[in-house]
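Naming follows writing order (A, B, C and D), and every chain is counted from residue 1.
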Amino acid sequence: MRFAYLGPEGTFTEEAMVRYAPDAEGVPCVDVPTVLDAVRMGEADFAVVPIENSVEGGVNATLDALAQGSPLMIVGEVLVPITFTLVARPGTTLADVRTVGTHPHGWAQCRRWMRDNLPDAVHVPTTSTAAGAAEIASGEAQYDAALCSRISAERYDVEVLADGIADNWHAITRFVVVSTPKKLPPATGSDKTTLMVHLAHNEAGGLLDMLEQFAVRGVNLSRIESRPIGDSLGRYGFSIDAEGHVTEERMQAVLIGLHRVCPLVRFMGSYPSAEGRQTRLRPGTSDADFIAARTWVRSLLDS
Amino acid sequence: MRFAYLGPEGTFTEEAMVRYAPDAEGVPCVDVPTVLDAVRMGEADFAVVPIENSVEGGVNATLDALAQGSPLMIVGEVLVPITFTLVARPGTTLADVRTVGTHPHGWAQCRRWMRDNLPDAVHVPTTSTAAGAAEIASGEAQYDAALCSRISAERYDVEVLADGIADNWHAITRFVVVSTPKKLPPATGSDKTTLMVHLAHNEAGGLLDMLEQFAVRGVNLSRIESRPIGDSLGRYGFSIDAEGHVTEERMQAVLIGLHRVCPLVRFMGSYPSAEGRQTRLRPGTSDADFIAARTWVRSLLDS
Amino acid sequence: MRFAYLGPEGTFTEEAMVRYAPDAEGVPCVDVPTVLDAVRMGEADFAVVPIENSVEGGVNATLDALAQGSPLMIVGEVLVPITFTLVARPGTTLADVRTVGTHPHGWAQCRRWMRDNLPDAVHVPTTSTAAGAAEIASGEAQYDAALCSRISAERYDVEVLADGIADNWHAITRFVVVSTPKKLPPATGSDKTTLMVHLAHNEAGGLLDMLEQFAVRGVNLSRIESRPIGDSLGRYGFSIDAEGHVTEERMQAVLIGLHRVCPLVRFMGSYPSAEGRQTRLRPGTSDADFIAARTWVRSLLDS
Amino acid sequence: MRFAYLGPEGTFTEEAMVRYAPDAEGVPCVDVPTVLDAVRMGEADFAVVPIENSVEGGVNATLDALAQGSPLMIVGEVLVPITFTLVARPGTTLADVRTVGTHPHGWAQCRRWMRDNLPDAVHVPTTSTAAGAAEIASGEAQYDAALCSRISAERYDVEVLADGIADNWHAITRFVVVSTPKKLPPATGSDKTTLMVHLAHNEAGGLLDMLEQFAVRGVNLSRIESRPIGDSLGRYGFSIDAEGHVTEERMQAVLIGLHRVCPLVRFMGSYPSAEGRQTRLRPGTSDADFIAARTWVRSLLDS
């Protein structure tokens, strides 16, 4: 199977892809919209893109690209712990490093390590963490060293100056695997459903009303992130991961409620949770509870 | 058609029955449970009982009797303004009245008039307002005058000492017409649905959770009354009139939600509102909104 | 100390008074408004009135009388289990009983026992359960036997035909002890605060908004009862017992919130709960939590 | 007065500073933490940093930097519409442009214009939009043209190829003016209060509980953005702008409530809203309403 991913080779996204599908044929792409378009146009069967980082938050480019264009469906997710490797041309020592090339997100996640170990080093932005390693290897780099993933460090002909670099040892990035809308992955009892929802109005009450659609059916949220709708300041949509699967009654009831009261609800897929923790059901929210309730209401109508 | 009603002849309940069905054959009964049993046992086609008084509140005997025993269905309601007539044996004057027979509810609704006009009169309880008039007419009364309905005053051979007596000019009693569960009255766009609901737990949160089942579907309540469940102090059920008809989608969604989270939900009927005011629908709560939302969710499952 | 109570002598209310203050000098009164007026006018130091019955629900006469007129304050409560005694003139046997005098509430609570033991007996209403026993003793009774409290059976010269009569073994009545507004009883950690609250509007949302004032401060309700406001059908106030004492911060915050958004809030007292169960505090709702929060906000203003 | 701002010279942030304080002495800094530290260390009186973009959303670097370290206070805000200018060395034409240097955010906001007008142009990332213009002017640029602000285009010796470039004509960026905690700006009736709030727990209920603290006091939110707390995936704090000023009673009540139930509440300032729209007060939420309610509660305690 062909997997498009956010390239170039050697990024954390490639690592996520390999973890998800070890035998995948990888197709590196230049940015998130291009990755997704590769799937839309049939050039790849699946796409792998980062969606959430435990330090930086939601990956806006992914959240926004998934919310636009022809519909795609998330079919799986992968968690990758994030640590960096500092690489340079052979012969370079840590003391020689004055400039460090890396993607701004990489720089943000290693700032404290840099202050402690290379306080005078200046950041030179690159288009990806892997690009830094590649340019060091090819000799085109305008900087002395690069912060990259361990995969990049292994793949390119570079020397490792320091490994396992991370300001925050809990740093982890979540990647999603995306396809065109085909067969839903079956429910496993430990699933997530991803949605984009716009609010009818932007007062505190609008968000409360939306959240109550989840609460009255006992559905928990594992992620909620605001995204600007883009037409004016203060107009927000919300990207949401809810615990459960669209084939479950309580999730369908939530979706029906959201569809009624929100100007936009975009369903982005139900898929097995990477954490694998069984969803806890509150009393009165199992499929059997819903079916019994509907049967009772139908019996009233037959009278 | 035979109508059982809370007798004896001449009560406000008979007046309600005549307003609802001028040609009804009335069957007066001794108390509310007997009225309802007459319908359950097929001795009458319909029952007429008081359910709510604007001064005294819910009629507990009716609320409790409807909530127990084999199911009955409310099929209609009638509003009757409540004013009293003071009657006595021919020849009696107001100045002669020392004792007044009437039902305790009647006395409660005329107390101020009595203080102003007969400050020394003592109350003698009777089993109904009509019983007072009947006993005056038959000469068996242990009191000088009786407070009764105008129907009673006309029917019995008594003299009217004062008419249109009411402490509260807004006093009105609501009566319901009850049958065995048969065909639901069709929706009119101005309907009520009557329910008895027990709470899962008795904290503030339990009542909040129950009310939110109505709020998230935009269903208003026109009446909510607490009734003790009877097993201990502080355990309450709620008798509720909600605006709308069980054939409407939003009401069905409310009932499904209540059935899931409440230990007891008793459906007591959907019927035309006597006020006749068209139910206002909030955005996203019409049948069309529900059907569109369900169709959308089904389309997600087919993918 | 002089205690006015709902008489005559021998009622369950007298029993409640004796339990609360064994040495009280009792002053029986004819009805609830008269009991309360005796305190208002200084003819008694305290009043004892029934407020809630586990079978019949709230005692409307008391709820309404407390909510009107010059303010009174509940300073204590007493629970009395309710069972009845059937008494008659000496020489009467159970088989002789054709008519039974008692207050309608007494009749309602023994109906099943009557059907089982005296299926043909007819009810004759009296103004109180004690009045039935007194009339039997004096020979003035128009009925063969009376259902009364055990205190009445002991006090009058009557013969006991059956004792411990109760359809519902959990039947219990709650009585409150009332004074003019003087010194608040001190907080005990197991207190109740009684309120009468009108809603700003009568939709489901109005009641929800009111209940949220309690919920956001973690205050539980042990009783909530609707009472008609009296100006039209469907306009309700709510009589509420909340767990806690007005000297506690969270209860004051609730009262401030209610006062802001409800057209009427009547404070009827904070007093020790008869159940004596320690109030559970949710995280963030202790006095210390409120004081720390207010101190913090004040520090922001000083900056 | 000295104003530190996110440099270099010619950025949109400098434009915001000039709009806010035309006579300010500007101190350009390399990144947001450095801008804020300049104020903390007394090297500048005020800092100007971007906080929210109508297209890209919250500026994470600013939201996170304000939420950490010694407290700072927002004292004002400025709105700047965002359009770009494409500049190159004199003599260059649009047809010559193969590579375009700019900050990734600038590229993101002009992507559609680029596809339509320079479909083959490749993006070269720079550390700021102004850096691109500066490098073009100095001849050091590794790209043919730069997308920058109009201020940069005017300041450097470059040729304008296109002006007023924007994919989204509503694009606007909000900047905040920050100082050390000193005197609060006085309330104007059109104010904002900025907060960072962590949730007690991460279920749907946790966010609902937090939002209800605002709702019960009638305080609207004009912005709510989730930010990862950083210790694990799915743990969020919320950056919030609420309508109103901390000197107002209802805002103080919200803060007291949040402080009680949330593990972290950081107050970041109350300041005049740039929109200048008068805050609408719901019934029962004015200072007078709060004071009247508190006075009433105090009167209960004195009894």
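In this section, a residue touches a chain if its C-beta (ideal position, glycine included) is under 8 Å from a C-beta of that chain, and two chains touch if they have at least 3 such contacts.
Predicted, not measured: the structure shown is a model, and the values here were computed from it.
Q: State which chains count as neighbours of chain A and simultaneously of chain D.
A: Chains in contact with chain A as well as chain D: not a single one.
Q: Which is it for copies chain C and chain D: same residues on both faces, with over half shared, or different residues?
A: Counting shared over all numbers used gives more than one half: same.
Q: Measuring centre to centre with CA averages, how many angstrom lie between chain B and chain D?
A: 59
Q: Using the average of all C-alpha atoms in each chain as its centre, how far is it in Å between chain A and chain B?
A: Between these chains, centre-to-centre, one finds 58 Å.
Q: Tell me, which residues of chain D touch at least two other chains?
A: Where chain D meets two or more other chains at a single residue, that happens at 212, 215.
Q: Chain A touches which residues of chain D in the complex?
A: Within the complex, chain D touches chain A at residues 52-58, 60-61, 79, 104, 108, 123, 125-127, 142, 168, 170, 172, 174, 202-205, 207-208, 211-212, 214-215, 219-228, 230-236.
Q: Over in the complex, which chain C residues touch chain D? Could you list them?
A: Per the stated touch rule, the residues are 73, 181-184, 200, 209, 212-213, 215-216, 246-247, 252-253, 255-257, 259-261, 267, 283-285, 289-290, 292-294, 296-297, 300-301, 303.
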